[in-house]
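A quick write-up on the structure given underneath.
Chain naming follows the written order as A, B, C, D, E and F, and within any one chain the residues start at number 1.
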Amino acid sequence: MTDIQPIARPSGRAADQVREVRLETHVSKYAEGSCLAKFGDTHVLCTASVEDRVPGWMKGGGRGWVTAEYGMLPRATDQRTDREAARGKQTGRTQEIQRLIGRALRAVTDMATLGELQIRIDCDVLQADGGTRTAAITGGYVALALAIRHLREIGALKADPLKEPVAAISCGLWRGLPVLDLDYAEDSSAQADANFVLTASGGIVEVQGTAEQDPFSQVQFLDLLALAHKGTQELVAAQRAALAG
Amino acid sequence: MTDIQPIARPSGRAADQVREVRLETHVSKYAEGSCLAKFGDTHVLCTASVEDRVPGWMKGGGRGWVTAEYGMLPRATDQRTDREAARGKQTGRTQEIQRLIGRALRAVTDMATLGELQIRIDCDVLQADGGTRTAAITGGYVALALAIRHLREIGALKADPLKEPVAAISCGLWRGLPVLDLDYAEDSSAQADANFVLTASGGIVEVQGTAEQDPFSQVQFLDLLALAHKGTQELVAAQRAALAG
Amino acid sequence: MTDIQPIARPSGRAADQVREVRLETHVSKYAEGSCLAKFGDTHVLCTASVEDRVPGWMKGGGRGWVTAEYGMLPRATDQRTDREAARGKQTGRTQEIQRLIGRALRAVTDMATLGELQIRIDCDVLQADGGTRTAAITGGYVALALAIRHLREIGALKADPLKEPVAAISCGLWRGLPVLDLDYAEDSSAQADANFVLTASGGIVEVQGTAEQDPFSQVQFLDLLALAHKGTQELVAAQRAALAG
Amino acid sequence: MTDIQPIARPSGRAADQVREVRLETHVSKYAEGSCLAKFGDTHVLCTASVEDRVPGWMKGGGRGWVTAEYGMLPRATDQRTDREAARGKQTGRTQEIQRLIGRALRAVTDMATLGELQIRIDCDVLQADGGTRTAAITGGYVALALAIRHLREIGALKADPLKEPVAAISCGLWRGLPVLDLDYAEDSSAQADANFVLTASGGIVEVQGTAEQDPFSQVQFLDLLALAHKGTQELVAAQRAALAG
Amino acid sequence: MTDIQPIARPSGRAADQVREVRLETHVSKYAEGSCLAKFGDTHVLCTASVEDRVPGWMKGGGRGWVTAEYGMLPRATDQRTDREAARGKQTGRTQEIQRLIGRALRAVTDMATLGELQIRIDCDVLQADGGTRTAAITGGYVALALAIRHLREIGALKADPLKEPVAAISCGLWRGLPVLDLDYAEDSSAQADANFVLTASGGIVEVQGTAEQDPFSQVQFLDLLALAHKGTQELVAAQRAALAG
Amino acid sequence: MTDIQPIARPSGRAADQVREVRLETHVSKYAEGSCLAKFGDTHVLCTASVEDRVPGWMKGGGRGWVTAEYGMLPRATDQRTDREAARGKQTGRTQEIQRLIGRALRAVTDMATLGELQIRIDCDVLQADGGTRTAAITGGYVALALAIRHLREIGALKADPLKEPVAAISCGLWRGLPVLDLDYAEDSSAQADANFVLTASGGIVEVQGTAEQDPFSQVQFLDLLALAHKGTQELVAAQRAALAG
């Protein structure tokens, strides 16, 4: 990795410093698993709902499914956005994010062990200050793990279908330097922005990098990946603490 | 009012006892006013967003507008419900409730004093255990009052357009006896269900009563109204405390 | 009740005077029951359609269902309104009204006696001069009763599932005084507006009262309720005459 | 024309006999022009609404526009059909018919004489027994003519933009023989079905012929056209009587 | 037929001259039948997709179904039009055309011989210079015939359900004279426009004629029909050549 | 990069071999720029439409905009998919892809040089055999460049807003080995799948990598990136040849 300068990011954090992360569990009276994921001022409520039927195209195959939906409260942001239910359709951004969350969680779930159950993860952004999709994946994993623990406790699952924790973090190039976990102000002025979904053992589940201004280089990309490894290790530690608590 | 027996309601509360009410203010980093209204296990996040333009049909009239939107997170309830944004339309129930909230708040707002501003109240149910619309109105008033205080502090409003507090509570007939502030279990088994929107001075802003089973009598209706007066007085006290805090 | 002054309402009617009501039956060649309900210049065509299957969630329970849909022709009103089918969705107002009609008619129907049949009441406003929802409920009951009579005549029903007639009327405060059965001009300038759904025996099925300007008092509300009792008695008499005719 | 046999049509009418036609005018309290067109048991309520603005693409061109919308009440038919407003979209059939009505009426309107006004014709089928589109055009012309008469009476139009009456009728091949003005039973069993929109002077405005079973010949088509000429002459006479009445 | 003058049409073609027609087959790697129909600069890609289930209302009847869908690429035209998928609904014009294509192809298909199969014809306009619906029908027939040949080759069909070829062409009155196969420039300035769907043996399947300006006469209409017979004979020859090739 | 074995890919191509690529230009009579991009059996028709107005939020800023829409014909694929226009909404996949295409093309366009023009790229998949989004970006660039050349030729643009060519290619891990430009069969059985959008000078514009089965490593990711560099160099050469042709 190239040398990280102690530059003055808008947030005042060190270049490789994640925001204060809190993963509050059991925040829903009803959901089989739940986690309120806070990455600084980004707050995402994640619930896991267990259903005993899988989508039609999977019936009878003995395998389960994990899927996700994403939403944002209208005034989660500085400027109020229209309510998607009132507009009558979800934006492309919403659909892109919820597809990403679903893929990330499925990547660490053994569907044969899960059996013909569907677990639906709802990620609703109560407050948004950048990085909502990464908070949703990180908190969504905790909600999923709690729902699976519940299924094991009531005897509905014999074995644990989760292979290992998965977490996500954003990185970006800000005035040419790689920084970790961008908040909204940083994200708006970054030259490049990448989201990484990594497993506890360091495997890459998903990479999405976009040059907002000039294209970036392979070296820069590897710097971002190194930051992401550091960040997700910290997030996995927080997930483990939350699940142990 | 007929004599209220200390019957054993499912909730164990006295017939005229409101659930524990908490009105937490300043819960949103961005909204001009916000309140998380908790009526027992019913939690509604209310935000007030100020816009400097009114709907098209009001332009140039010098008067303001207050409107509301209502939503419920998919797993706010015991059984997950479909996300309205995914289904592509709001249910009739949602539309009915958000129209009610808007009317209730407009009833205590002097639109000429507000001037050509629109305040949009978003009421999002994070957890639902009955009475979400009454919690939304009660918390929505607090969010509205905070937004107006903010407008006065920044000099955008000379006078206070709010005439008096407004609050709402549900009442019902449970095994023939009038009870106050029904939770979900009580509501599901009630014979009749009524929602009252009352002002601090006891004026009736809105009444909605429905016989779920047999029709009810005028005497029974007056019992419910008396309970509602008691309940909304307590809610108004909580609103004042929250706004003073 | 407070003393009703012989004030000059816009309509010129006495304060407690209902518009001329005509309930014309058998107006549809096809529907199992039909009624064209005319409250003055408000004309609502009500048809009852019998279906031998209930909604999915009721199947196999041995109970029936009554539901309603409401619509208004684009030029039923003074100013043409957009066609809901062309706009691609029903307004909140439409949904609110059709839910109300359905609840009102279900309140007087014994669903076990009806058995696994669904009766769908379509209420289409051909001309609107205020009070369309109350005309729809009053005429919808007649259409429903005719459809049930037809089912009994063809032997599909052994017993009568209708418990008693139900009718609806609006009342309001106009310049401070309670008046019965508001037409559009009166409704537009009323301080308060309430719709009452009452049974022949005087039971309250539904109450919806809204303060359009200042909140109203319990005494005023009781005045409106007394007017509603008088008005619905007259409507029930008209229903009985129509069904006897 | 080939020789018309006195065959026994399902309706019992002579092959060249139109159903009883009634064109009732001034049936709407509000519309600038209105006509309830009855072709036997087919009843279509036609209203004409004048708007003082034309569609955006026509603004400033000094020319007017006539357009039409079509709808059918859910229980206008023997089997109830879903309400288009509830389904959230108009069927292809509805759109096809309303486009046809609009073209037919525009064909006899001089848009320069009309000036920058739009007249919107709403055709709502209260009861359907075949031939709803032809009744809609025939009645829609009367509503349009009444609206134009109203505009002339109030001085909003100096000259008459209507060039001549237009009417429409269906014809078909039933068991190989040409018949005029099919009702629903006849239409369902016809081999071919054609709708003709003709002017008072016999000009062809629109022809739509469809072979439901085997293709038909030019000779057969000319037989249908001859019947249509006879039928529309009778309809034009009825229009003139209605407008004179 | 009246005498056809060698007038100078905008296209420079003789009055009874069809554009250069090319029917390219096997243009899709996947579809059971496919044809790229080119009428001059109008290019329509037609594919036939075989499904082994019929619509619900036909199940168990032993009969098949042929249906069509129509679409136009946004920049198929000189001015880009909005993408229907992005707008969220199909225009009335699209629905009208796809219903016409379906009727035309069903008219030459024996549904009992087809058996319980559905063949879906997709007609997508890659480039539009007038006459897209007639090119779609003409090319759609070729795609359908190829799909049926494929079904016979794999043994899924014992007999040929196609009764005879069907083709379509437009005609119009241009400065008072009948012309064949209008391109977009001619269509825009025509006084009348008619589409004819005729079988190889000259039977009329569908006729749609519209007076764009003044009504036209029976004699004019017969002139158009005569042109259509000439044109569709040429198209049928092209279809046969394409299917033989 | 790890050593690439000459494994037997399903397509029989070498691991680092791109499919036969053809970029056919000027395929649309109307569009300002057009390119039919063929990557083997994947055929995407790309058109560029110039509009002289930018989206509302950009007006008056002196900067231009490039956006993209994506669609797939129903029978572009082996199994027919529902038409998005008929279903009434675009899938999440469609929206994700069209957002990607737009970002990729904007990354190489200087919006200040473009000035207040919008160029809309429509990418319609005529036939799909994997890699449709990469073909769309690669062909979309050619259509965009041709539209800009046209604008320069007619004097609407003084300078060239395009900074350099951009192209896209997919890579994947197939049985553990990195392969370039996956077709549909390969994509369906790949362990990981990544799409790279790279500039002619090798800059990274967009990276999207997804583990379909097990997570992949940084080393594997770098292998894919190296393949992508090779592949996009070849695509850029094809773009330059097409534009020179």
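Here is the rule we go by: a contact is a pair of C-beta atoms (placed from the backbone, for glycine too) under 8 Å apart; a residue touches a chain by one contact, two chains touch by 3 or more.
All values derive from a computational prediction rather than experimental measurement.
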Fewest touching-chain hops separating subunit A from subunit E: 2
Lowest number of touching-chain links that must be crossed from subunit B to subunit F: 2
Of all other chains, the one whose Cα centre sits farthest from subunit A: D
Magnitude of the superposing rotation for subunit B and subunit C (Cα, nearest 5°): 180
Reference subunit F; chain at largest CA-centroid distance: C
Matching chain pair for B-C (criterion: over half of the contact pairs shared, by residue number), options A-F, E-F or C-D: A-F
Geometric centre distance via CA averages, subunit D-subunit A, whole Å: 60
Centroid distance [mean C-alpha coordinates] between subunit B and subunit A, Å: 34
Length of the line joining the C-alpha centres of subunit D and subunit F, rounded to whole Å: 51
For subunit B, residues that touch 2 or more chains besides their own: 88-89
Graph class of chain-chain contacts, one of line, ring, star, complete, other: ring
Subunit C residues within the subunit D interface of the complex: 28-31, 34, 41, 45, 47, 49, 51, 69, 71, 73-78, 80, 83-86, 88-90, 94, 120, 122, 124, 126-127, 129
Subunit B-facing residues of subunit C, complex: 89, 91-93, 95-96, 98-99, 103, 107, 194, 198-199, 201-211, 214-218, 221-222, 225
